[in-house]
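Alright, structures below, take your time with them.
Heads up, the next two complexes both have subunit A, just with different partners, subunit B and then subunit C.
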Partner chain A sequence: MIMNKLANMDRLRWIELVLLAVAFIVLLIIPQISGAATITMVSRIMIFAVFAMAYDILRGFIGVIHLGFALFIGGGAYFVGILFFHQGATIPMLLLAVVGTTIYSAIWALIVGKISGKSGMLATAMITMAFSEIMRNLMTVWRTVTRGEDGIAFRVPAPFNDRTMMFYACFIFMILMAFVLYKFTKSPTGRVWQAVRENEQRAIFLGYNTARARTIALLVASIVGGLAGVMFGLNSRFVNTEALGMQMTYDAMLYSLLGGAGTLFGAILGSTVVILFQNFLLDLRPIHAIFERWLLFFGALYIVVVMFMPHGIMGYYNAWKEKRAQKKRMAKEAASS
Partner chain B sequence: MSLLKVNDLVSYIGLFTILQGVSMEIQQGEAVAILGRNGAGKTTFLRTVMGLVKTRSGSITFNDASIIGKATHKISKLGIGYCPEDYGVFDLLTIEENLVLATHKKNAATRDRIAYVLDLFPDLKLAYKRHARTLSGGQRQMLSVGRSLVNSPALILIDEPSKGLAPVVIEKMALALKEIAKQSTIVLVEQNFHMALIVTDRYYIIDEGRTVHGGLMKDLENDKELQQRHLGL
Partner chain C sequence: MANILILLFNGISEGALYFLMAASLSVILGLMGVVNFAHGTLFLWGAYVFRWVYVYIFPNNFILAIICATLAGFLIGLIFEKVFISRVYGNIGAQIMITLGLSIVFTELVRVIWGPSALVVGRPPMLAGASHLEFDFGTVIISHYRLFVIIVGVVVAVLGHFLLTRTRVGMTIRAGVQNSEMVGALGININRYFTLVFAVGGALAGFGGALFAPLSTTITPLSGNQFQLMAFIVVVIGGMGSFVGSALGSLFMAVMIALIGWTIPDISLVAPVALMALILIFKPQGLFKWR
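Moving on, here comes the complex of A and B:
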């Protein structure tokens, strides 16, 4: 049956599968052929890909604008940092950080779920932004535990203290989270999310409790975002209040929009393109000081994407594929008639 | 026993009272048309039954239980299907996904119902894997009506299925609705008198938010004076 499926597959689908296989193999061999800087950068890309996919569940699948999404990556990183720094870098502490982050993320998800059910989209966006700022200020003033804006540098337990092992942990984490989120989006719950995003009232006509669907999406996205924070802490071995800053949320937003909101894979593509581009610009610093200000280029890139590819790279690609399929269908119909 | 019973219903949107006394009874297995001029309150009536417009006074009972004040998704789950006038399909989902979404669960019964819908509207079968946004107006309307059937609701409320469709498509839709009416109870809001005549047996006329007349469609067909007075035909 599988062989039959493969034999009947469209040429484009073949190309997609080959590209995916190549990407998979490249990721597998990177630690064997690259230096520490590249390994750390690619680990960072994979962690942020998960963070952006979690954000995509909210923005791209159910249509919630969460401007305080840094709560999760920052929260997860702080759980790891505080526990490792004060209690010691051990595996039990790591497990405690994972459990703590999950509970912390779930509580925030339930609070935001309650608010978004009662308030409009804009009010939810503003309130969530306020939440992350409150949390950031809390971490700033709680100096005895967090060391304020100076942040905490900490050791991580074996095997995560080895860069190669950390890389493979990030790789497995990304594949696992992509699989889990993909399964969610293809499940009946995921279809309800998409229905709510498109038109909430129509979903209600069909008998769906949309407030519950939104809360489930918030729970899934927040917990996955929080776990990305745990990995971020392990990879950085440092956390300060910037992890809870607005820039983190903007990054997730940019990765997801650039790659294509509502596609999941777009978030992986977006984070890869942006982080690689950012590093490329920073490498150009010796040529001209303007490259130090890489955010200028990102502003321009963002404008270009919004103007010419409002649905991101994957959105553009999917639309092209649909047009191609339609052309094929029409040619087939014309031939048969 | 009435399936749907509405008594002296008054409903409002913001500061405006829209329905000012609508009463009607729908029996199991009937196909009933709600007729009236533009702005008479026909769509608001359906939206009030679905809990989308607030009620000031009066009663709505479905299967002898009051549904006033219930959340829309709970009313839908009681067995009332609703096809809004703007089709209400999900453009970014395929026909298959739109139909499956409406079933809530996948089992043999819902698979049979989807097969029934596809038999009823063969156009949908041909475009089964296509996104709803690529469909014509007629196909979207078929999908909207078909989607409301997959859960075998006890009552289907259909709002102006002929709106914006070509005459040949209206004819097709009317015949399909006639077929559906053999198995289901239908309340059809319609401006197209010809379509209402094909599909329904009984009617109510709503004018300025009130039920002003009711009777058999065949009597209305012969009563030109009543048609002129309330429907402007």
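Moving on, here comes the complex of A and C:
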């Protein structure tokens, strides 16, 4: 009887593992069987999955609303673009871009950390929005280097100029970053993050250094977001001021919320679903004129997600799993008594 | 000298529009704590409904067109609050997402209904002219329509201030800005006030859009964005929940933008945003604090 239940318990775990393995294998095969457009799109999904996971650290784990998250994807992309365009597309330049992006992201993280400790949630949101708008305007005005809104198209160095290699690079990047972020959320610091999100006052009274926890979260999220920007630049081989636009931040918000805020891996699901949906809408354009206005449906997605599924895909799945486990426990207790 | 005066005058007439947006935005933010990212869309709808009525429904009837645009803003604001925003009070992240979604959808609807390209709007004949004032230092051109917009802005500011400080409804709203839970505890149905404020705020934004259309003479589906951003900044400068603060903030912004546009045009977009960030960091209660 109990053995039977154990087998039942394990079945869900089995299904999860099998699905994960299938996803892994599918991702490995995609570059071999599909065209360049699909390869680039899936690479983009994986890059934005990392970007959204980084965003989830702030929104879902520590409860900071960062409306300037485009600073990082745009900043990383601009580092790659400017260095490759002006100094040549070489691997040393790529390393320089990575170092530069890390420092740049860390500086923004420290500034925002300083401010968010003092100001409220709303003020922090508005200040970070102002930061990304300032940065976008600076890149618009700095025409000699960035070519303003027209942006710069550039070459990328050897292994990354091949779409298939770029795809695998994105794949490795996503797995690596997911692992790093997961480790952070399970670390003692990650526990403090959640305490801060739930009730900062109480966390302070319990003796936690919440300012430090928040700064670490901002550093981790910003640097990972910046690195996603480097990959974004490598994958698109083009950067303009749109990379620093508010829409980038809004996208990250949508991906992480649809996937499930505070679930980390939900962001991967979120970016997959939204980007596929977006491409689906774009493909529908020849069918009916209304799909020329595909943003109509895309905007509706924001509303639907907030109103009808505020916990996101992973959130509901976890709740369902929890309920299922509880039912099993109760049945077990009933059987033993 | 003459040029700078014209620039200031034109800037201040746009400041009157910032004010119409910012005053409603600041009461909404103060009372309900909602950052309304869809406010620029209400402004946009005001502009398009104005043109539609002014050209097709009641041709050349300026007053009726403005009334229709204001009503459109009121109705859309009402729907926004009742159907969508009332469900996410207290959740800042959800509010940002839902108002963002609304702004995307309603901006696209403008493109669906009226087309994606720019439309031309005429000024009413009685306000279309301009006065040329001769001074020692040159000629200052005063557009009658811009003067009209400034006067309307001042009238709305005075009326709004009177309504907020001298009437029962206004006092309840101001009390709600201070502490909405307490007002609710006193047996006042604060949710009804939320709806009212949101709808009237929408009406003000629609009214602003209607005034904007003949001012700029062309409208595009992106017309609302600039005004929304400016309104946010004005709210930060002027403090929340105050018509006088919003009016002073708008005037300040208009003069500042005109002067920067005159001296260092390259930073005319950065400067207001940077100013907002600095004020939020160092003086979050706003520059002009009025009770």
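Basically, the second predicted complex is superposed on the first by the 328 of 337 C-alpha atoms of A that agree within 3 Å, B and C clash if a C-alpha of one lies under 4 Å from a C-alpha of the other, contacts with A are read in each partner's own complex, and residues count from 1 in each chain.
The working rule: a contact is a pair of C-beta atoms (placed from the backbone, for glycine too) under 8 Å apart; a residue touches a chain by one contact, two chains touch by 3 or more.
Quick caveat, the model's predicted, so the values are computed rather than measured.
A.B. asks: Touch check for A:Glu322: first (subunit B), second (subunit C), both, or neither?
C.D. replies: Touch partner of A:Glu322: subunit B, not subunit C.
A.B. asks: Pick one for A:Tyr208: touches subunit B only (first), subunit C only (second), both, or neither.
C.D. replies: first
A.B. asks: Taking the superposition on A as described, I'd like to know which of subunit B and subunit C A:Glu133 touches: first, second, both or neither.
C.D. replies: It touches subunit C, and subunit B stays clear.
A.B. asks: Looking at A:Lys332 after the superposition, I want to know if it touches subunit B, subunit C, both of them or none. Which is it: first, second, both, neither?
C.D. replies: Neither partner.
A.B. asks: Is A:Lys186 touching anything from subunit B or subunit C once the two structures are fitted on A? First, second, both or neither.
C.D. replies: Touch status of A:Lys186: no partner.
A.B. asks: When the two structures are overlaid on chain A, which partner does A:Asn199 contact: first (subunit B), second (subunit C), both, or neither?
C.D. replies: Touch status of A:Asn199: first partner only.
A.B. asks: Going by the contact rule set out at the top, does A:Leu122 touch subunit B (first), subunit C (second), both, or neither?
C.D. replies: The second partner, subunit C, only.
A.B. asks: Please indicate which partner A:Arg285 is in contact with in the superposed arrangement: first for subunit B, second for subunit C, both, or neither.
C.D. replies: neither
A.B. asks: Please name the chain, subunit B or subunit C, that touches the greater number of residues in subunit A.
C.D. replies: C
A.B. asks: Taking the stated contact definition, name every residue in subunit A that is touched by subunit B in one complex and by subunit C in the other, in rising order.
C.D. replies: none
A.B. asks: Across the complex, what residues on subunit A touch subunit B?
C.D. replies: 188, 191-192, 194-195, 198-199, 201-202, 204-210, 322, 326
A.B. asks: Considering only the defined contacts, which subunit B positions touch subunit A in the complex?
C.D. replies: So the residues of subunit B in touch with subunit A come to 50, 52, 71-74, 76-77, 82, 84, 88-93, 97, 100-102, 104-106, 131, 134, 147, 151.
A.B. asks: Show me the residue ranges of subunit A that touch subunit C in the complex, using the header's touch definition.
C.D. replies: It comes out as residues 59, 65, 67, 115, 118-123, 125-127, 130-131, 133-134, 137-138, 140-141, 250, 253-254, 257, 261, 290, 293, 295-296, 298-303, 305-307, 310.
A.B. asks: Show which residues of subunit C lie in contact with subunit A when the two form their complex.
C.D. replies: Interface residues on the subunit C side: 33, 35, 84, 87-88, 92-94, 96-98, 100-105, 107-109, 111-112, 229, 232, 236, 266-267, 269-270, 273-274, 276-277, 280-281, 284.
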